[in-house]
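Once you scroll down, you'll see the structures, which are given as structure tokens.
Two complexes come next, and they have one chain in common, chain A, joined by chain B in the first and chain C in the second.
Moving on, here comes the complex of A and B:
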């Protein structure tokens, strides 16, 4: 396991550092903008706007986790497919599905680290200026966006691992439609009741990659 | 494991088809709603509907099918078209035996609208309580907001994000003195400075008793409102219309619709047969003589004409609504602001 994680780390460390800094930068910038509103118009204005309108002031973060997930999948799996490294990896004396699961697990843990850092940053600032009800609203509203990051990573990995272009296009279409579910409503806390089910479904999408691996192993190619 | 992933893939395809096919059908075959805008005319004693008719353009007609011109409609609905009648110098001195002036009409006219999606949405349980008697013409937003917990009412200063213990104790004591049981079951207010006056909040306590809370000269004003026997209030709406005649609207667990009069705190059952705020939309256009109430459900739009003095039913009629969506998997709905799967 450590060897696989190390291999993935060597492959993606440059991007992971960039993703960590960029996502944290965007979260930090969103907090700076909030701080600017507090500085210019007072905390009262921030509270009043959040209570009166359907806004949470961090809307700029909406597609950042999605982008981070998509790019991580591309960085991790495109070289594998392009240089045919995956074929070598799957020939190692280790169960193939477990191998793929560990590769995906590495990606998910890296994203988790990135996103948790984002949440810690946002929580640290928001709890100082907003009441519990208000900062919980901000963090809960952003949660489906971050979950979309995990889903995007798993789905785009599935697309990348697929050995034929015909299926790759179909998988991409399915992935786009599934990712659309995470962005159906701009209303704050619209996903609260659906989030546990969405999280479970997101985890299960990891199993789609097994199909592509099975086809890859069977030698199906363009 | 591969069998599971195949099953999961098939399930995903089925769900996507169940979701996207009805959506595509609705997208390409969507038709505009044919429910016309309708108001009750006390002068003609009938509802007048205004809407586009295919091949005929805009038509104004009553329920018997009689077609009116725009000028005739202005005269039949003088409360609604008051500005037009004044501009044409056709505004009458009396309407249905009641002496009127444009100013009086504009002061007593009101509109009220609530959709199911306003009710079925995640809300922040923090409420600004304005000063109702500041002595100033314009209302100003307060520097704190309150929450109602299981033990009392808690005011939080927005600037410092800290609890104002003194004010919280003062208001909690005032509510307890009136036999209020914490926490609150429901709460209705209109926390905006863009209104003529402030009536604070209507609050339903944990035992279903109704209270009126506002802030007068920095002190709590709490009034326990006596409800008729066996009336279980379900939803509350504060009105704050410019004529100050009503304080709020209420619905009970049987979906009956009530008006809560201002000052006398009298609760009067209206002639509206049924209104469920969780599933229906309501629009009310009121004037000095009568109110036109439209309750819109998924199946029909029902119009009620109520007398403005005692809210009794004068007339009603119903228009069937054509189903605009086909069965399938939907994640959003016009009845709420939540995303969740619904078949």
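Moving on, here comes the complex of A and C:
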């Protein structure tokens, strides 16, 4: 497992640092904007606007985790498909399914680390200026966006590993439709009741990569 | 003798194009088997099937007695695979790639074999593979296989990108290594002179079938090139299938055959075409390959 993680780390370390800094930068910027409102008009005004206008002040983060997930999948799996390097990976004396799962696991853990850092930053600031219900509202509203980041990572991995371009395009279209589910409602906390199912749905997308692996192993090509 | 590779009745198509039908062959333990064929005859297809990355339309392949489609990871440990184009992880450096692979082969990894080769490359251990020349990358891929120290080496177009000196060095090294450690090697190459120095047995493939499978020595002892002069009026000679690719150029017939000189003489006489100066020549493996498969 260490060796597999070592390879994935070599591939992604540059990008992971960039993703970590960038996503934290965006979350930090969103908090700075909130801080400016609090500074100018007071925390009470912030509470009032949040309740009256159905806003959470972190809307700018909506597509950031999605983008982080898509780019991680590309950085991790495009080199594997370049000149069919994946053959080398699957030829290693290690169970193939476990190998692919560990590669995905590395990506998910990296994203988790990145997203948890975002949440810690947001939580640290928000709990200082907002009531529990209000900062929970912000964090819960953002949760589907972060779940979309994981799902985007898993779905784009599925697209990348697919050996034929025709199916890649088809898989990409399906992925877009599947990801649309995370952005159906702009209302804060619209997904609250649905969050456990959304998390399960995100995890299930991991199994799609194995379909591409099976097609790759069967030698299907354009 | 124990069969390390055994393929039975392989049939494969790409779309509607038949690559080959009912292809069967086996590779005994300790032998160096070369797969020869023109472009598009299915050499890489065979390697892909053998390495488990292509499901043949029909037939089965076994390596170490195991069906390649359900091969256990422990069996893969003993197969060194060189993919066409000497593909390796280009995002790694010389040191990183060695560290990565060594973790998968505890107890059998020969670090010194890899670094011995890398020293000859005159590149820094921290150099990224993507920034190396094609030939240097080939040597990294070959060095990793030698460090893996597997019982079976499957090498697809192993001489690609290697300069003549290193090619010779590698062929000699591989031959001595395989013979002294009783390794089995199955390989393809476009450079047939290399094969002659290296392989014990060869399979020559034509479009859709195996033309011949036999020890190289036997092939070179029995296949001959025959040439003779013909009258100017003779543009074609009615020769049977025992004569491979007969061609007439400037009143001179050239053909290849496993028949003895005496038998060739008898067959030529039977055509009732007056011929002169019949010559029988021994062949190199490259000549034999061209003789059997034709120039075009």
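The criterion applied here is as follows: the second predicted complex is superposed on the first by the 221 of 222 C-alpha atoms of A that agree within 3 Å, B and C clash if a C-alpha of one lies under 4 Å from a C-alpha of the other, contacts with A are read in each partner's own complex, and residues count from 1 in each chain.
Everything that follows uses one rule, which is that contacts are C-beta pairs under 8 Å (C-beta built on N, C-alpha and C of every residue); 3 or more make two chains touch, one makes a residue touch a chain.
Note that the coordinates shown come from a computational prediction; the quantities given were computed from them, not determined experimentally.
After superposition onto chain A, partners chain B and chain C are found to sit side by side with no clash. Contact comparison for chain A: of chain B and chain C, B touches the greater number of residues. Using the contact criterion defined above for the overlaid structures, shared-chain residue A:222 touches neither chain B nor chain C, since it reaches no partner.
Legend: residue contacts after superposition of the two complexes on their common chain; A:190 is shown touching chain B, with no touch to chain C.
By the document's definition of touching, of the two partners only chain B reaches A:181; chain C does not.
Once the two complexes are overlaid on the shared chain, A:85 sits against chain C while remaining clear of chain B. For the combined model, the angle formed at the CA centre of chain A by lines to the CA centres of chain B and chain C equals 150 degrees after rounding to the nearest 10.
Once the two complexes are laid over each other on the shared chain, residue contacts for A:3 go to chain C alone; chain B is not touched.
Overlay on chain A (Cα): least separation between chain B and chain C is 14 Å. Residues of chain A touching chain C in their complex: 2-3, 6-7, 10-11, 79, 82-85, 87-88, 90-95, 216-219. Chain contact summary for the complex, chain A toward chain B: residues 42-44, 47-48, 50-52, 97, 128-131, 133-134, 137, 144, 174, 177-178, 181, 184-185, 187-194, 197, 204, 207-208, 210-211, 214. Here chain C touches chain A in the complex through residues 48-49, 51-55, 73-74, 76-77, 79, 81, 83, 85, 87-92, 96, 99-100, 103-105, going by the rule given at the top. For chain B in complex with chain A, the touching residues are 1-2, 4-6, 8-9, 12-13, 16, 19-20, 121-122, 124-126, 128, 141, 143, 145, 147, 156, 158-159, 161, 191-192, 331-332, 337-341.
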